[in-house]
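Each structure below is given as C-alpha cells.
Paired with subunit B in one complex and with subunit C in the other, subunit A is shared by the two complexes that follow.
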Partner chain A sequence: MEAAQVRYQPLWRVRLGLMRKSLATNWELFRDSKIGPIGLAIILFFGIFGALHPLLMSTVWDAAIYDPVTGYDFPTDAQLKQGLTHPLPPSTKHLLGTDPWGRDILSQLMYSTRAEFFLGVFAAFVTVFIGTLIGAISAYYGGFTDTFFMRLADVVMLFPLLAFLIVLSAMINLNLYTLAIVIGVIGGFGGITVVLKSQALTIKVKPYIEAAKVSGGSHLHIITTHIIPNVLPLSFLYMMFNVTGAIFTEAVLSFFGLMNIQMSWGLMVEMANISGYLVGDAVTKYWWLFWPASLSISLLCTAFYLVGRGIDEIVNPRLRKR
Partner chain B sequence: MRKYLVKRLFQIVLTLFIYLTITFIILQAQPGDITNVYVLNPKIPPEVRERLREQLGLDKPLFFQYLQYLQNMATGNLGISFSQYPRPVWEIIKERLPRTVLLFLVAYLIYFFFGYQMGKLIAWKRSGVLEYSSTIIGSFLYTVFTPWWALLMLWIFAFKLGWLPNGKFITVEIWRNFRDISANQVFNLILIAGGAMTAFIFLSYYLGRRLGTRRAAANVTVAAVIVSVGAIAFLIASTTVGYLAADILKHLILPVVTLSTINFAGYMLLMRNSMLETIREDYVMAARAKGLPDRVVRNRHAARNALLPIVTSFILALATVVDGGIITETLFSWPGIGLTMLNAILSEDMPLAMGALVFTGIFLLIGHLVADLLYAYLDPRIKYS
Partner chain C sequence: MVVDIQTDTLVKVERLKKLFPVSRGMFRAVKNYLHAVDDVSFEIKKGEILGLAGESGCGKTTTGKLLVRLEEPTEGHIFLNGVDIATLEGRDLKKFRRNVQMIFQDPYESLNPRMTIYDTVAEPLAVQRIGNIVERQERVAEMLSVVGLTPPESFLFRFPHELSGGQRQRVAIARAIALNPAFIVADEPTSMLDVSIRTGVMKLMMELREKFEISYLYITHDLSVARYMCDRIAIMYLGKIVEMGETEEVIQNPLHPYARALLSAVPIPDPNYKREAIEIKGGVGKPIDPNPQCRFLDRCPVAVPHCEEAPHPPLEDKGGGHYAACYEVK
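This part shows the complex of A and B:
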C-alpha cells in the first residue's frame, strides 16, 4: 500500500524537467552577456525577413515585376519626365529602388536571405558534425588515430581557404550546395577538431566512462551516448562562428564573380560593381545598389558572431563575471 | 633549442610536401589537362599545345607527372604564365610576393599593437559602457564584409577628402618623369631601409638593456626611433628615390588601414578574453595586495601573461589573415600575390594560379614557423624537447 503512494514520474518527464531547468539558467547567463540577445534579435529579424518573401510573392507582389532574377518594371511617366531610368531611387512601389536591370532590390534582398541562412547553417553543420565525430574518436582511441587527425588538422589549419576556393572555382562548378560542402568538410578537418578533442579528453577520464566500460558498453555506445553529448555545447559554440565564416566566404566569392548562383547578397554588390556604381560619387548617389546588401552581409555575420560570444559566456566558466 | 628547431623544420617540410600533393591532386582532378583551356583559342595552334604538353610532361604516366611536379617545385620551375606570356611564373611571383609581405608586416604590427592595448584596457574596466560598446563595434568590424569596408575607405579618404591615392601601386604621372628608375628598384630599397631601421632599433634596445636599467633602455630605444625616422624623412625629402618611395608608401596607407581595422578588432576581443582569465590568477591579486599601482599590475603582471594565447591565435589566424589580404589587395589593386592569383584565375592562367597558391602556402608555413619561435621566446616555460 505504501508503494502506491509514491508517485513515479516517467523518465521522459524527469528529463524534460531537468532540461527546462538548465535551459532557464543558460538563458539567464545568455541574457546577462548582453551581446548575445542583440545577435539573436538580428538573426530573428533576418529569419522573418527571408520567410516573408515567398508570402509576398504569392500575395501582393506580381512575379513579372518583383521576381528577384527575371522581374522588370517600367519607369513611370513621372519618373521618365524627371529623366530617371533604372536604377530607380526608392519609391513607394520599390521601397529600396531598382537595380540597373530594373529589378526590385528589396525582393532580391529578401530572396537571398534564405540562401544565406541555408548555406551558413548547412556548412556549419557539416563542419561541426565532422569535427565532433573526429574530436571524440581521436580523444577516445588516442594513438595513431589521434596523431593522424591532429597532424591533418595542422595542415588544414594552414590552408588559405579563400585562395583555395578561388582556384577551385576555376575547376568545378561552385554553387550553393558544393560550396557549403567544400567549406564544411575543409573546416571540419581543421582547427575545430583540436579544440573539441581537448574537450573530449577531459570527459574521457571521468568516472562514468569507466563505469560504462565496466558495465560492458561498446566503444560506439560510449562515444555516442557519453562523450559526444558532453562535447555538444562547445560544438554548438563553434557552429555559430562557422556560420559567420561560411556566409562571409560565399559573399566574397560572389563578389569576385566566381560563384554559379542566381542571386545572393554578394552577387548584388558585384553587379553594382561591374556596372560601375561603386566608383566615386556613385557610392552615395546610388546607395541602394550597394549599402543594403553589404550591410545585410555584415549584420548577419556579426549577429551569428555575437550569439557565439553569448554562448561562450555560458560554455566557458572562466569568462563568467567576477 | 636547436633540436626543437630541427624538428619544426622537418615538420614544416613534411607539411609542405602534403600541401604540394594536395595541390597536385586538385590540378589532376579537373577534366582534361591544363592545355585544354586553349582548345578554342585560334591563336594557339594544336602543335603549340602538343609542345606545351610535352614541356609540362603531361604525356607521361600520372606517377611520373607527380615526381616531375615535385622536382619542378623544388627547382622553382613553375612553368610559363599564359596571361603574361613569355614571363616565367617564378619571376612574376618573385616580383609580387615581397609586396604582399610588406603589406602584411606593416598591417600586422599596427593591429597587433592597438589590439593589445585596447583589449588590455577593456578587460581592466569590466562591465562599463566602454566594454559593451567596444565589444559590439569590435564584433562588427571583425565580421564586416571586407569589400564594403574597403570601398568605404576608398570613398572617404581617396574620393571625398582626396588625401590618399585611389588604389594601385604607383602614381604614373609622377613616375613617367623618371624613366630610368623602375618601381621594383625603389620598392626593394624600401624593404632594405625598413629592415635596417627595425634592426637598428632592436639593436639599440638590446644594447640599452645590457648597459643599464629598464628606463635607460627605453630612452635609448626612443632616441633610436627618432634618429631612424629622421633619417628616413631626410632621405624622402632630399633624394629622387626617396620622393618616389614616398609615392609607393602613400599607396600603402589605405590597404594597411583597412587590413588593420578589420583584424585589430579580432585581436582586441581575444586580448580581452585572455586578460579576463589572467586577472583572476593569484599572482595578480598578490601584486595588488602588495600595493603596486594599478597601471603596473595591469601592464607588467596581467597583460604580459595574457599575451601568450594571443600569439597562439596568431598562428591559427594566419590563414584567415592571408584570405583577408587577398580581398584587400584586389580592392586596392595592390599588385601582390592575392591579386595575381585572382587575375590568373579570371584569365584562366592555371600555371600562375597554382604557383601563387603554392607560394601562399609557403608564405603561411614560414609565418607559422616564425610565430612558433616567437612563442617559444615569449614563454620560457615551453620546453624544447
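This part shows the complex of A and C:
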C-alpha cells in the first residue's frame, strides 16, 4: 500500500524531491569537472569576503579610519620619522596598506566586492532573460520576427560596446544599476540570442512540440513549457560567461573614471593611476595600490568562467568523460 | 477477430489537397509546388481502423497531420461528425482538438525529456482546463493503468529516459487517450519499436478501440502490420490514393499495378516460395508540379496509349467497395 500513498503526495513535494535528485546528479557531474569547483570556491571566497565588510565596519573597524570612501588615517609618529606618508605599505593596522588619500585598501577591496557581484550577476541575468526569450520566440515563429532579431543581433555584435558606453557615460548618469541594465540589454540582443535560437530550433522540430499543438496548446504554452525549459540549461551556462564580461566592462569604465560610483575595483586601479603610481618601478614599489584590485578582478572573472566550464560539462554531454 | 463496425461515418475527407511551396531563394516568387497530398478523399467509420500505406514521401504523414490540423489544408474539406474542421480557428479549433489526437512515430522524441510522465500525460488535460489537480492526477493514473503501465504510481514521476521504448510509446498512447478522443491518427507508432514489443503495443491499440470506440487512421509502410491492425487499407502513391478497400481483399487481390508491385515485395517466410515478379521501372519521382496524367504512368507496366492523354484516373469502385485509380483495371 506504500505505492498508493505516493500518488496522493502533494505535487509540489514530489517536484521538490525530483528537483533535489536532479540537482544531486548535476552536482556530481559538476564536481567531476574539477575546474568547476575551483571556480565555485573562489566565488564563495569572494562572497564571504564581501559579506564580512559590513560586519567588520560595525564591530572592529572605526568608520572614521576604515570607511572605504571617506576614511582617513594619520601616519603614526614612527612612520613619519622614517619619512613615510600615504600611501603607506601594509602593516598590522592596514593589512593591505593605504591609498594616496589615506584610505584602507583592504576595506575598499571588501566593500567593492558586493558591488561587483551585484553588477555581474544582475547584468548577466538581464542578458540571459532577454536572450532566452528572444531566442525562443524567433526560433518558434521564424519568418519576419526571426529575420528582424537575427539582423539586430548581427548589428549588436558588430557594435563596439565599450566605445558606446564611453559616449553614453557623457550623456546619462552611469551608476551601477544603469550600467548593469545597459550591459544586460545590449548583451541580450547580441550574440547570445543567436546561440539560444539555434538551440531552440533543435527543440522546435521535436514531435513533443507537435503533440502539444495537437492537444490544443497555445503558442505561449509551447514556448514557456517546452522550448524555454529545454533551452534554460544553456542559458544558465551563458549567464556564467556573461558575468565575466560585465565585471570586466565595469572595471574598464571605472578605470577611465566614467562611472558615477563611490568605490570599485576599477576605481582603485584608477586611483593608483591618476596619482602616478602605475608608471615605472612604482608598480612594484607600491604594489598594494594596484595588485589587490586588479588581481581580484581577474580572479572573480576567472572564477565565473570556470564555473561556466563546469556547467558546460553538465549541459553538453559530449564533454563528459563518462 | 470479428469487430462490429458501426455504419455511421466519423471522419469524411473530401478532395483534400496540400501543396508546399518550393522556395528558390528568398526574394523570388514561388513558382513550384510540391503536391504532398493531392485530391484525396476517404471515409472512416466509428470504431474503424483505416490503414494508410505507401512508401516514404508519398504523403501519408502529411495526410495524418492535415487530419489533426497540424498542417493547414490548401483545399478540400475534413468533416468530423459532420463539422468541417478544415477551416476551424481559435476557440473552436481548441475544442476540436479534444476529439482528435495523434500518436507519433518515435517515442524517444515525442516525450519532452524534461517533463515527468505525469506532466506529459496531464498536459492535454491542463491545456484544455479539464478537472482540478487531484482529478487530473487520478485521470493520469487511470490512463497509465489502461495502457498497461502498472502500478501507475511507480511511473507517475519518472522521466522518459528512465523508461524503455515500449513503455514510452505506451505513455504516448496514454497521453493521446487522456482527453477521450473519438479519433486518433497513429503515425507508424510501432516502426521504431523492437519487434518483440511491437505486438504488445498493437494489441493495446486494438483493445482501446474496443473499449473507447476510437477510430484510427493507422499510417504505416509495413503491410504485415496493416494486415494485422486495419479493417480497411488505402495505398498511396505520390500524394494520391491509388487503391482502397477491405484489408484482406486488397492484400489477396490487389488491382492497381503499384499495389500489386508493393504487395509482391512483402517477404514471405517460405524458402520455396517463388514470388511473382512484377516489373516496375525506375524509382519514385518527386511530386513537384506533376504532370496531369496518371502519377504512375512512367513506371506502369500496363500503361496503354489512352493513359498518356487522359488525366489522373479517378478512384473508382471496382466492385464490392474495392476502389482503384486505374483505367486498365476493370
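By our rule, the second predicted complex is superposed on the first by the 312 of 322 C-alpha atoms of A that agree within 3 Å, B and C clash if a C-alpha of one lies under 4 Å from a C-alpha of the other, contacts with A are read in each partner's own complex, and residues count from 1 in each chain.
Rule of thumb we're sticking to: contacts are C-beta pairs under 8 Å (C-beta built on N, C-alpha and C of every residue); 3 or more make two chains touch, one makes a residue touch a chain.
Bear in mind that the values here come from a model prediction, so they are computed numbers and not experimental data.
Superposition model on subunit A: subunit B and subunit C are shown accommodated side by side without a clash. Once the two complexes are overlaid on the shared chain, A:A163 sits against subunit B while remaining clear of subunit C. When the two structures are aligned on the shared chain, A:A136 is found in touch with neither subunit B nor subunit C. Residue contacts after overlaying the shared chain place A:I35 against subunit B, while subunit C stays out of touching range.
Shared-chain residue A:H226: touches subunit C; no touch with subunit B. Contacts of A:L11 after superposition on the shared chain: subunit C is touched, whereas subunit B is not. In the superposed model, the vertex angle subunit B-subunit A-subunit C (Cα centres) comes to 90 degrees (nearest 10). Once chain A of one complex is fitted onto chain A of the other, the partner contacts of A:A212 are limited to subunit C, with no touch recorded for subunit B. Between subunit B and subunit C, B touches the greater number of residues of subunit A. Using the contact criterion defined above for the overlaid structures, shared-chain residue A:V182 touches neither subunit B nor subunit C, since it reaches no partner.
Remark: least CA distance from subunit B to subunit C after fitting both complexes onto chain A is 8 Å.
In the three-chain superposition model, subunit A touches subunit B and subunit C at no common residue. On the subunit A side of its complex with subunit B, the touching residues are 34-35, 38, 154-155, 157-164, 166-172, 191, 244, 248, 251-252, 255-258, 269, 278, 280-281, 283-284, 290, 294-295, 297-298, 301-302, 304-306, 309, 318-319, 321-322. Residues 15, 18-19, 22, 26, 29-30, 126-127, 132, 135-136, 139-140, 142-148, 151-152, 155, 159, 269, 273, 276-277, 280, 316, 318-320, 322-323, 326-327, 330, 338, 341-342, 345-346, 348, 350, 353-354, 356-357, 360-361, 364-365, 368 of subunit B touch subunit A in their complex.
Looking at the complex, you find that subunit C touches subunit A at residues 65, 68, 70, 93-94, 97-98, 100-102, 104-106, 109-116, 120, 123-124, 127-128, 133, 137, 141, 151-154, 156-157, 172, 175, 179. Taken together, the subunit A residues at the contact with subunit C in this complex read 3-4, 6-8, 11, 14, 17-18, 206-208, 210-218, 221, 225-226, 229-230.
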